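Both of the next two complexes hold chain A, though its partner changes from chain B to chain C.
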Partner chain A sequence: MAYYDELFKLCGFEEKEIEEERPRIEKTLARLGIVPDDMPSAQSWVKQNHDLSLVGVRKLLGAWLKELIDLVLAKDEGKKVVYFGFPAILGPGLMLSASSDDVLVSAPDMVLDHTMGQIFNKLTPILEAGEANGLPPGHALCSLWQAKIGGIIKGMVPMPDLALASSYFCDMGSKADDLVTALYGVPVAYIDGVMDSRWGEYPRYLPQRVSYLGAQINQALKKSEEVLGIEVAPDAWEKSQIDSRGYINNLLKLLDLMRADPVPISVVELELLEALSGSSTGRGIREGIKAMNILISELEERVKAGKGVTEKGAPRVMMASGHTSDPRVTSLVEDAGLAVPLTMVLAQVGGPKHPPKKTYSTPGETIADHELASGPVHGTDAMIKMFQSGAKVMKLDGFIANYLFNCRPASLTSHTQKEYLERTTGLPVLALETDNFDSRTYSAESLRTKVETFAYMLKKRKEASRN
Partner chain B sequence: MDALQRLGAHLETRLGSLEEAKRQGRKVIGYTAGGYLPEELVLACDAIPIGYVRAGDNNILRDAGSYICRWIDPFWRSQIGYLTSRKDLYYSIADLIVVPITDNHARAFSNTIVFYTPEVESFVFGVPHVKDELALGYYLDGLKRLKNKLERFTGIRIGKQGLKKAIELCNRERELFSQISMLRKANGNVVPSRDFIALHHGSFLADKEVMVDVLESYLKEAKKREPSADNVPRVLLTGSTLGDGDTKVLDLIEDCGGMVVMEEFAEGLRPYWTSVGLEDDPMAALAKAYLMERVCPGWFRPGTERLDFLVELVGDYRASGLIWYQLMYRESYKVESYFFPQILKQKTGLNMLVLESEYDTAAELGTMRTRIETYIETIRT
Partner chain C sequence: MNSKSTKNDPKLFAGVDVGAATAKAVIIGDNGILGYAVRSTGHDVKIAADAVMQEALEKSGLDVDVSDLAYIVSTGYARRTLQFAHKPITEIICHAKGANFLFPDCHFIIDMGGQDSKAIEVDDEGNVVNFVMNDKCAAGTGRFLEVMAHVLDVEDIADMGPLALSSRHPCSISSTCTVFAETEVVVLRGAGKDRADLIAGVHRAVSSRVAVMAKALTIRPEAVFTGGVAKNAAVKKFLEEAIGMELHVPEEPQIVGALGAALLAREEATRLPAVETIESELPHR
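For the complex of A and B:
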């Protein structure tokens, strides 16, 4: 038995899987600088932060580790590597992935956050490397990008052969891609879009937005073909949707389970599966869906038994998403006695459906229309309205409207989100400034007082309404 | 009275004349910075364009703090502060505010108008971040929607001839700015940067005919001037935004013995290097000139065109130093400021000084002075 076996078992690996994967695991750990001395603290970190009584949770952690291994070894194993920025319009990445087994398409920053952060608790040196190489602290620059640059600089993840730049949402992402190009000559396929809908327009949008974004996606796919020397398969879009359908169906089942009181699972674990679908186009997400199947069965048992992660009757709040690298920040909400039955992803799945405006002849336009109808890429009010619809999906007592200080599109909601939700739903809203990817400044300790006070107010309010 | 004095006198009464124009039925169209709103369209429907570039006062950021978090560029927070506080009457005199959406900082402003000041009518259209045929088509479509909006709003149809006339007027303004700017290529300096910037800032508020007249007078005056001594370090000043009221860096460079010979900013100065073609389709010509032919700002992807332009300007204007003045939280410029110094050094041999501001003079003045003094000393030797 090797020094890492115990940790990998905690993360849902079967003994047989470890044996089969052993050479790859060892090569990966060596490249990441993980040594035997790191194991006790990693095991304790995982046990402290995750509900390991659920096999589904263990398997989810394992899915992230499998994505990490595939990512770290991609170049060694002869693959072409494509990175996209999170949050991404995933369609083009999924299509490239579905078109060739020799291409790995991933979001390395998210993979590093969930593994080097959530499993090994060694993210800080990676972030510091990003800060020292173009993305310094103190300027509200994206900590996901700090992790990505840091991971590349430290040689943990391979230099990509192509960057799919998300020029449709944040300005930082594609500019940081420019940085990688300037320093290392990595080619970029920009997918440009313009978030020029007026506040209040959602769910309406101009057909020109679909045409432009769609054409940009098609153009990026063409460039990808040239750079990677592959052909995007004619049925790539349909193929890529097979996994997505399984995932969405599982989310719907999960949404139903989350209506239970008490809520059967922590948002810490929900985050593991929600983020996986936005970060992986390969083995990670496929394993993640299998893990979800197990998890859903386990949660059904919990619901039947009336078991949950918070007390029955706890105030129920919606929170956009959990922390990607430090689960303590997420846990603090439940520690304060609040149940979180709804996240942005679940609200999106369970909320009103906005079907495509029409049938399109190219995958780019099909993807663009889907993304604009879904929300975040549409504009600020679309993001906020997802919270609003959440109140209808789930019986909520309030919202924790966490906005990321270092993500410009997200920080635009800092004031409007609270005011709009309070006005339209009548529910209390805690506007919480956070960094969802890096807990060095926005730690659980720094946020605790605000969350505890809000939780106390919600409990009193709920008691009063009962009486 | 010299040209700048005439401009000052014109601006002193400008609000009153705008009120009078409104009483006579003309519309005032406010628009936000970045250089992507063709004023030609506004002029062609007999409306009056007013550009918003005021910034530099930290106090207004406190007003903006009630509407947006601090992680947005202070220039755009200033716009939010002026709009919501009504402390600057130019922001409340507009009948319609047009916001070309350039990046997420501009979106902060456009969200604010609709959410917090719904009584102010506004119109948004998008500016793509890349230069290709698809982007040109999208931008042109936005301009056409803007044209329709302006026609409905003013009740005046924008005809080809009227638009061409407006293009000619605006071309004349751009040509004059260009001619004045180019005087600075010569030895010495007959156009202080302070004057050039004042002309730009004034041009966002002034009547266009008056402005052209002022620029023509200024050009004549400048040509007659004796060049200043040419033994001072020549500085190229660049960045995202040089707001009207943000004079700190310019003051310090001059105090420390430097001379700014060229400014390159996406917001606060108007693009003046290219003219709009007068071919058959004026709308297409506007889109081509405003999106494709002008040098792109730092938030374009990639931003190499602008960086190459800076290298070119260093040569053309014989700059001995380049000061990169960026505003806090404007991420595009921050990221570029990391890798551009290496390119600049390689191509021109110059070192670059990066300065950052939150418009907090009390906190920034001392350290900025020390850094500028040191830099000027370095390039002097």
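For the complex of A and C:
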């Protein structure tokens, strides 16, 4: 038994899996600088932050570790590596991944946050390496980019062969990818997105937006073929959708389970599975879907037994986004006595939408049609409509519109969300400045007074409405 | 009201507010405030809390100690660390409750403490309905004034307000950052600007910063100004100009949070049915 076995078992690895993968695990840990002395704190960190009584949660952590191993060793194992930023238009990455077993497409920043952050609690040196290499703090880019550059600089994750940059929700990613080009000569395939629809357009979307975005994606796929020396398979989209359908079906089941009072699972664990779908196009997401299958069965049992993670009758809030590397920040909301049945991803899945038209012939247009039908790419109006719809379905008592101060789209929209949602739903909204990727800037303690005050407000309102 | 009380008096309640700069405690009975105390927090919040509670009890004239109080609510930064308190409640909730008690028509509160500032909207019963609080920045707080007092060689912080009010031509000072504003003041001082004008500029800057935050909410009369900075008449004046509304300042604005905590202690004690229930709900006891 090696020094890391216990931690990997906590993270859902079976003994047989560890044995089969041992050489790869050891090579990965060595490259990451993980040593035996790191294990006690990592185990304690994982136990402290996650509900390990749920096998599905352990398997989700394991799915992140498997994605990490594949990522770290990709070049050693002869693969071409493509990075995309989070959140991204996933379609092109999924198609590249489905077209060749020799290409790994991943979001290294999110993988490092969820593993070096949430599992090993050693993210800070990586962020500092990013800060020392072209991404100083306070320059309008979130720390995901510091994690990506820092991970490359420290030799933890490989230098990519190609960066896929899309101005999808985050329109700063292409600026960070410019740095990768400038410093290391990595080619970038840019996808000039069509982020903002007109207020009131959603859930409809105009055909010219599909055409424009589709053309951009086609161009990026062409560049990818040239750089990677592969051809996008004719059935790549269909193949990639097999995994996506499994994931979406599970999210729909989860959405139904989260209607229960008390809510059966912490938002910390929801973040684990939601982020995985936007970060992995390979083994991580496939293992994540298996973990979700287990988790959903476990949660069904909890709901039947009336068990949950917060008190029955606790005020119910939607939280826009969770913390990727330090779950204590997200846990704070539940510690204050609030139940979180809804997140942005679940609101998106359950929100109003038109089905994709499915009448387009090129891969780019097919992806664009799919993305525009799914929601968030439409901007603030779409998000608000999803939240409004979610409030009814989940019987919410309030919203926490948390945002990153250094994320242009999120920080701007949170205040619009507050104004508009308070007016249209009559529910209180806490616009909470935080940093979802870096708790050096905002620790849980620095946010406690605001969150506890909001929780107290909601409890009083709920008591008053009962009387 | 300083009548002698018996031990284990079920009608005595306390609030203790341990903030960044000062610790405050208030003892109340059925008929209002019995005693209060304010002291510097110093380096050890537990020592400060014990001492300020003891002092408040002594000033109340009651022959009781902390263990005789029926219920204690703690607030402020150290609220979760005080072993003698039954329940921690945030200072935003406590300030709202305290201000509503002192000014029953209060619907809006601006609280400026040593390290943070808040604007709070309240309903007729003193319940918080909306609030904003500064984010990781000292520019709208008492600390801003302390830093400037040091730069401008004002020994007693209490002299800052009167000096500012004596100015005829307040300087224009940046309100976005304490450190940058300090640099600005140093440069202006070097350029020979009048000291009172600089101090007035500093006051207008800090007031402007808080007013911008407050305007994110609906400001309805009566508006009440609490916290240690509320003792500063110049900040009050500039804030009133900035928000366009009169601010009512309690006689002792620093104890409003502790008073609210004591009032909430009384509410909590009366709504809990039995001692067994209380004990089971007390993580800090």
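Throughout what follows, the second predicted complex is superposed on the first by the 450 of 467 C-alpha atoms of A that agree within 3 Å, B and C clash if a C-alpha of one lies under 4 Å from a C-alpha of the other, contacts with A are read in each partner's own complex, and residues count from 1 in each chain.
FYI, a residue touches a chain if its C-beta (ideal position, glycine included) is under 8 Å from a C-beta of that chain, and two chains touch if they have at least 3 such contacts.
It should be emphasised that the depicted structure is a prediction, and the values quoted were computed from it without experimental measurement.
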| item | value |
| --- | --- |
| Chain B versus chain C as contact partner of A:43, first or second or both or neither | neither |
| Touching partner for A:249 - first (chain B), second (chain C), both, neither | neither |
| Which partner reaches more residues of chain A (counting touched residues only), chain B or chain C | B |
| Partner chain(s) touched by A:165 [first = chain B, second = chain C, both, neither] | first |
| Which of chain B and chain C A:452 touches, first, second, both or neither | second |
| First, second, both or neither for A:460, with chain B first and chain C second | second |
| First (chain B), second (chain C), both or neither touched by A:181 | first |
| Partner chain(s) touched by A:405 [first = chain B, second = chain C, both, neither] | both |
| Partner chain(s) touched by A:443 [first = chain B, second = chain C, both, neither] | neither |
| Contacts of A:241 with chain B and chain C, given as first, second, both or neither | neither |
| Interface residues of chain A shared between complexes with chain B and chain C | 405, 433 |
| Interface residues, chain C side, partner chain A - complex | 89-93, 127-131, 133, 135-136 |
| Chain A - residues contacting chain B, complex | 134-136, 139-142, 165, 167, 170-172, 174-179, 181-183, 188, 190, 192, 194-200, 208, 211-212, 215-216, 219, 379-381, 403, 405-406, 408-409, 411-412, 414-416, 419-420, 433 |
| Of chain A, residues touching chain C in the complex | 405, 428, 433, 441-442, 446, 449-450, 452-453, 456-457, 460 |
| Touch list for chain B against partner chain A, complex | 66-69, 71-72, 101, 103-105, 107-108, 110-111, 113-115, 122, 124-130, 132, 134-135, 137-138, 141-142, 298-299, 301-304, 328-329, 331-332, 334-336, 338-339, 343, 356 |
